[in-house]
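Residue numbering begins at 1 within each chain, and the chains themselves are lettered A, B, C and D in the order written.
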Amino acid sequence: MITSRHAQRVIAAAETQAAALGVCVNIAVLDATAHLVAFLRMDGAVLGSIDVAIKKAKTAALFQTASHAVWDYCKPGAPAPALEHSNGGLAPFAGGIPLRGEHGALEGAVGISGGTVAQDLAIAEAAAAALLG
Amino acid sequence: MITSRHAQRVIAAAETQAAALGVCVNIAVLDATAHLVAFLRMDGAVLGSIDVAIKKAKTAALFQTASHAVWDYCKPGAPAPALEHSNGGLAPFAGGIPLRGEHGALEGAVGISGGTVAQDLAIAEAAAAALLG
Amino acid sequence: MITSRHAQRVIAAAETQAAALGVCVNIAVLDATAHLVAFLRMDGAVLGSIDVAIKKAKTAALFQTASHAVWDYCKPGAPAPALEHSNGGLAPFAGGIPLRGEHGALEGAVGISGGTVAQDLAIAEAAAAALLG
Amino acid sequence: MITSRHAQRVIAAAETQAAALGVCVNIAVLDATAHLVAFLRMDGAVLGSIDVAIKKAKTAALFQTASHAVWDYCKPGAPAPALEHSNGGLAPFAGGIPLRGEHGALEGAVGISGGTVAQDLAIAEAAAAALLG
């Protein structure tokens, strides 16, 4: 399971990547059982994305996959309509990434919200990479 | 941050514009952090739009943009499906407008509901303009 | 039923009384069916009392009595324990008052929160009196 | 309003004090309007106190006082029974402290949970002091 130190390292990496992209985001790190470990709202990040960052990480942790991959199951025509309303509400779009340790074991998830979804995803990927860095 | 006097001015302007259009609406004014400052239900406005007016203003405050602009992110085919279910439920359609002060700083948001969405938006815009009037 | 004009009169009277007492309060006016008609947060009123003001008025409207009178039914040893958790949560303490018209008919309720409960009650009573003024 | 850097300083001070006391706690920093700024769960802190830490900080921010001071209003025999159920649930016991800037202005609140309430309070006070350090 992810430690508090590793969670802070993930947050620092997310902040660095967000700054490089010129955006202000909310950064949430959850453990593999979807409980909050660490969070940071960068100065200027919109308030509405606090909840979204946490929900993206929750989506990734609960289903052990990228948050946007969950949309493949519940989008129109897919076999699991309304899945996004389970678990108190998911955020099935880009920006939530599982955090995996050295041998691929799930340690937690990071969720990013505040930029475009492409920016959020890029920041989440940089943050997730920092866990092993 | 918006004062109670300015919030009442926004409400009065909304009421005037609604009367000019011949509709009865609910009018909600929130501060920039989405806490309620002032509210008025015009006589005859439908009860169902009390919550909608507040949620439109909340949507505009939390994302610092017009409520209907949020729909561009979560409408079918857009990159953030189910965003509208975040933050206890958004109202991503026309009628919520950020309230900005003299130098563009966010002071709060106004939400209008009870007319057509086009009427609600026109009323919200007249109300927002009154903040600087 | 209370009109928007009468609700604004109630709010103005509450504001005047609060200023005379030197406190900043939240003021909620609901109709007799417990739906919001008007609201004002005075500058400086604590955010925690927004919800309390609305719940006091709700308590008074739903049970057609002063909010603190409801406590007589649910206080320790009274016959209706947990009544305060009904209806999405009541606020069974002083500051919510039914608003009654000329012949005693229930028109709505006012809820005040932000001062001491004694101040809140005094402000609510002044506000309720203004309905007939 | 508190910045992300100051929030991280508050968290670091809380962590240092908790380590000195030999306890593992959850640490939540909210801004003055009760929106989350930063959070850290120390390794070994119980999961049940994640929500409690956030609610203690929320209680302190919304009512601009120590979380345990709210209990004076709603404890048995006090004038505001059930106040603790307002605002989605308060945590009216020790461990939540307002964060005030140089001239006493409210910048936010810190909430600590995981130790005894006496430990939580001592940690919150050390954390709050660090804001000005």
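By our rule, contacts are C-beta pairs under 8 Å (C-beta built on N, C-alpha and C of every residue); 3 or more make two chains touch, one makes a residue touch a chain.
If you're wondering where the values come from, they're calculated on a predicted model, not measured in any experiment.
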Those chains which touch chain C and also touch chain B: D
Taking each chain's C-alpha mean as its centre, the one farthest from chain C: A
Distance from chain D to chain B - Cα centre to Cα centre, in angstrom: 32
Averaged-CA centre spacing for the pair chain C and chain A, given as whole angstrom: 43
Inter-centroid spacing, chain B versus chain A (mean Cα positions, whole Å): 30
Distance from chain D to chain A - Cα centre to Cα centre, in angstrom: 25
For chain C, residues contacting two or more additional chains: 47
Category of the chain touch graph - line, ring, star, complete, other: other
Listing of all chain pairs that touch each other, if any do: A-B, A-D, B-C, B-D, C-D
Touching residues on chain D, where the partner in the complex is chain C: 33-34, 59, 61-64, 76, 79-83, 85-87, 90
Chain C residues within the chain B interface of the complex: 3-4, 7-8, 35-43, 47, 50
Sites on chain C touched by chain D in the complex: 46-49, 51-52, 55, 71, 75-76, 84-85, 89-94, 116-118
Contacting residues of chain D [partner chain B, same complex]: 31, 33, 35
